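This is the structure, below, for whatever I ask next.
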Amino acid sequence: MTGRERRAGMILVLGCIVGLAGIALTFFVSGMQRFWINWIIWFLFLLTAGLGCLFIVALEHVVGARWSTPLRRIPERLSGLTILMVPVALVALFSLPVLYPWARPEVLRDPMVAGKAVWLNIPFFSLRVVACLVLWALSYWIFVSRSIRQDRHGDPGYTVRVRRFAPLFMAIFGITLTVVAFDWISSLDPLWYSDIFGVYLFAGTFLAGLAVTTLAVLYLRKRGRLQEIKPDHLYNLGGFLFAFIVFWSYIGFAQYLLMWYANIPEEVLWYKERLSGGWGVVLLAMALLHFLVPFFILMARNAKSDPRFLSGAAALVLFSHLLDLYWMIYPALKEKSFFGWQELSFAVLFVSAALLWIRRSMKRGEDMPVGDPMLREGLGFRL
Amino acid sequence: MIEKYVDSKELKQLLSTLVAIVGCLIIAALFGIIVVPGLRNANKPAKPTAVAPVVGESGWLDPTEFPAQKGRVIPPVDPMTLIKPSDELADIGEKLYETNCRTCHGSLGRGDGPASNVDPQPRDFTAAEGWTNGPDMPNVYKTLSEGIPGTSMASYDYLTKRERMALVHYVQFLGGYGDSAGSAEAMQALAGELAAPGETTNNKIPVSMAMEKLEGEFVFPLPLMIPIDDRSPGADILRRTVTDASRAAQVLHASEIWRAGPDALARSILPDIPSNGFSTKLATLKPSEWQTLYDALLRRIRPN
Amino acid sequence: MNNREVFSVLGIFDSAQSLMRAIPEVKSGAAAKLEAYTPYPVHGLDEALGLRKSPIAGMVLVMAVIGSIAALGLEFWTSGVDYPQVTAGKPYFSWEAFVPIMFELTVLFAAFTAGLGMLLLLNRLPFFRHPMLAARSMPLITRDKFALAVEAGGKTIDVEEISALLRDSGAASVEVVESPPVHGLASPRFFFRVLIAIAIACCVAGYATYWAMKLFPKAIPMVHMLDQPRLGPQQGNTFFTDGSGMRMPVEGTVSRISIPYTVDEQEDPSAMGNPLPRTAPVLGRGRQLFNDYCSVCHGILGNGETTLTAAYEAKPTNLLSKNIAALTDGSMYHVIMKGKNSMPSYSADLSQDERWAVLHYVRVLQRALDAKDEDVSSAQKE
């Protein structure tokens, strides 16, 4: 067992090295634009996965859910991805003059863009990024580090305090995630705006968090851990996935329908870019992989608690969330080609790094929050 | 596998319910597709019938679709019954004046009818001077039959001789000319014309048939041919000015007046460019070039 | 026992555990259908009783798909085929706009199937008097007792044997529930007959209203878009200084595809020829334009006899008179361009080709009402 683990670790480290070499090559061979755009995509992908997990934890505390208490340690550990993204986000600040038109002085002369300069300028943008990172790290510490400490002493006071903090976190989460959506994605095209964009990213974020949590739970169960988790718990995870797949499609389609109907140039151009030149196929693939296929996979009652169906749907949703970010961000480059060894090396690097980080964080604390007073009740949960 | 959910009897019941619902939907759809559009067109006859006697402007459903009718021969009458005024003629004259003349000449013949804003002004019958043909019986009859060219006085040749004479009497009555007859020769000529046999009303055919006739009689003129190796100045100017060879040929066949000379040609084709197949470059042609164009066209377009 | 039919035999248990323990024994002992009545949902009861799974999910799926397709078909037919109308510059078949309605109809069909299918098809409602409601132990069951019922299901069962079986498997007491007599008016059959009668009455009333509207069109139930404040053609209006509601093009306006008409009063326009071939489409177009623009004054036959004469005291020119027939196309074209007497210019209303097409049709009218002899004889032969 340890031999196998060590081998897996070696492979991941190797992946990191190969990926690093690949992205360095990308930077010097394919140009900064391509480098930074991939950097942003992967930064946002892992960030939303981590934030989604943090949201799941907070959701349990806000609504006082008990069924999810035995599962809670998994999203707590996975939300460490947010911390991993702190240096990545700070590095990503260097991409501003390369990718973001509003950060270039010659574009700023456009009166439409200049009108937004109050919000879109490099100092304020960096300030927002740093503020968001601080808020997330603080929330992570409040939710996770202290929850792990509770394993040892079993102090119920922690649960009381954290349930008082959780509603506040919801507000922080909503605002910061909207800021992320508007700043990092929407402002790539500073003339485009969509009121619902923050909600759209939230739908993707929550799905990504649910998907990684589901995959991690199913993986641990397969490896013989978390045996106390019953199909009834899995059913709830599947139900959440099922519901939010529909939510994501609803928001995505509503955004598209309104812009399609109004047909205002500055709104429609964004979609025009993302429907022409192969990107239309990507959107179609998203409609299938992000909605229809997992929808019908999870539709039957039994499928929601069947590990095979559930893991398939979760993997599809996670992949199509990456596709979604790719589809939203990459066309800003206005290049025809959109996949090559450059993209592959980014995938290798970030997946390996994330898996290494998750492997390390999976050793933190017990597999279940054993100090939580709700655990017993949660384990007894039946549909 | 399905037995896990329903037994066969229930399955039958469920399927029959499904069939009933789908059947209802299909019936509703068929109703919408077939029956409702049928109702919408309920007022239209199933087959277009050529003649259907219903009350309309000219007594027919489609006023342009009347039955073909040969012109009626009006038997010649004694001219004296028309020249001599009578109550009968006076009645006809008053009615016809009301419908045909009053709008311009006014009810009292003072030239002040509601539509008297024409140029030149309608005649005031009571004014003595300025008559083109004169107020005498033969002259008024001539005016009615031929109209006065260059004015708004149209020809009323579609009225019968009897009707025209009734109007003549009425006009003379309004103008206060009694039955002034004018010269004896003119009266003689008028009497002879009135007595002449062979007056007929017009033949009538339905408008759709007239359309077919005119269409059938139409011969497509040959397009204006300009051989590619023809390097003569005429061919050259044609190439410059003709944009649509078939239209140009049609225009020049439709009216022969242009054959009178380059000026007539200019009057014929210049106002209607570019719709008539000639280019707007025509407007810049010099007189000598008009002559060349005229010669070239005269050579190529055969008289009808 | 009297001759009433036995509905079921109830075994009353004190706890959910004893009920659950008894189920396998009773199941193996009696070949009849089992049912349980408990004051609260007991986990695992469905599986223990071996109840079959509900087919409602499949029914809902089928009907949802049908609803979705029905909505698509409806929208495709109405806005794509039967009454195509451009909305907001979008294509007739705009799937984007159809999605919300498809969604609504999917939900509608699914909800109705779930609700009505469950109540009417699966639960066999309306069920006016369930025999269990008359059971003596019903008050206990709704409070703290658990009942296991062995149902007769229309067949005769050995009451004694089953009572013994239930007692053996731990029932505190046993009750035999009989089917009560059902009054004819309280039967589902009667209920459905009433429903069908109401539905038929609705249809009849609807069709009667429809035909009444059709036959007496003066009775307009909903005016809505029929009654709009607007100016009709030729209608007067005090808003403009000339008192006319109709606006003319600004002085000097020319159509983009034509060049200005330069022939004035002194020049002779008669030399112009008609550039259009006299084909059926041209004549048809001319007829339509004549009827639209010219027939108002000149009459549908061009004879100058219209209602206009009676209404406005005008006597428009009879286009069939000989001196009009003698005019060339060019001279008449000039009248269309410049107007004459009371007739305004129609240069703004008709395009160059349309004017020539109208002139072709005027020739048709002249021919129709002053036909050649052979025309009449050939017509009479037909």
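Every chain is named by a letter (A, B and C) in the order it is written, and numbering of its residues begins at 1.
Note that in this section a contact is a pair of C-beta atoms (placed from the backbone, for glycine too) under 8 Å apart; a residue touches a chain by one contact, two chains touch by 3 or more.
Because the structure is predicted, anything quoted here is derived from the model rather than measured.
Common partners of chain A and chain C, by the touch rule above, are absent. Chain centres here are means of the Cα atoms, and by that rule the chain farthest away from chain B is A. Averaged Cα coordinates give chain B a centre that lies 45 Å from the centre of chain C. The geometric centre of chain A is 78 Å away from that of chain B, both derived from CA atoms.
Those residues of chain C that touch chain A in the shared complex are 43, 57, 61, 88-90, 96-97, 99-100.
Here chain A touches chain C in the complex through residues 253, 256-257, 260-261, 263, 299-301, 382, going by the rule given at the top.
Interface residues of chain C, counted against chain B in their complex, comprise 52-55, 58-59, 62-63, 66, 70, 73, 77, 82, 121, 214, 258-259, 261-263, 267-280, 283-284, 287, 299-301, 306-307, 309, 312-315, 317-318, 320-324, 328-330, 333, 340-342, 352-353, 356, 360, 363-365, 367-373, 375-376, 379-380.
Of all residues in chain B, those touching chain C in their complex are 4-7, 10, 13-14, 17-18, 21-22, 25, 29, 32-33, 37, 39, 42, 57-58, 63-64, 68-71, 99-104, 113-115, 117-119, 146-147, 149, 152, 154-158, 202-207, 209-211, 213-215, 217-218, 220, 246-248, 250-255, 257-258, 264, 267-277, 280.
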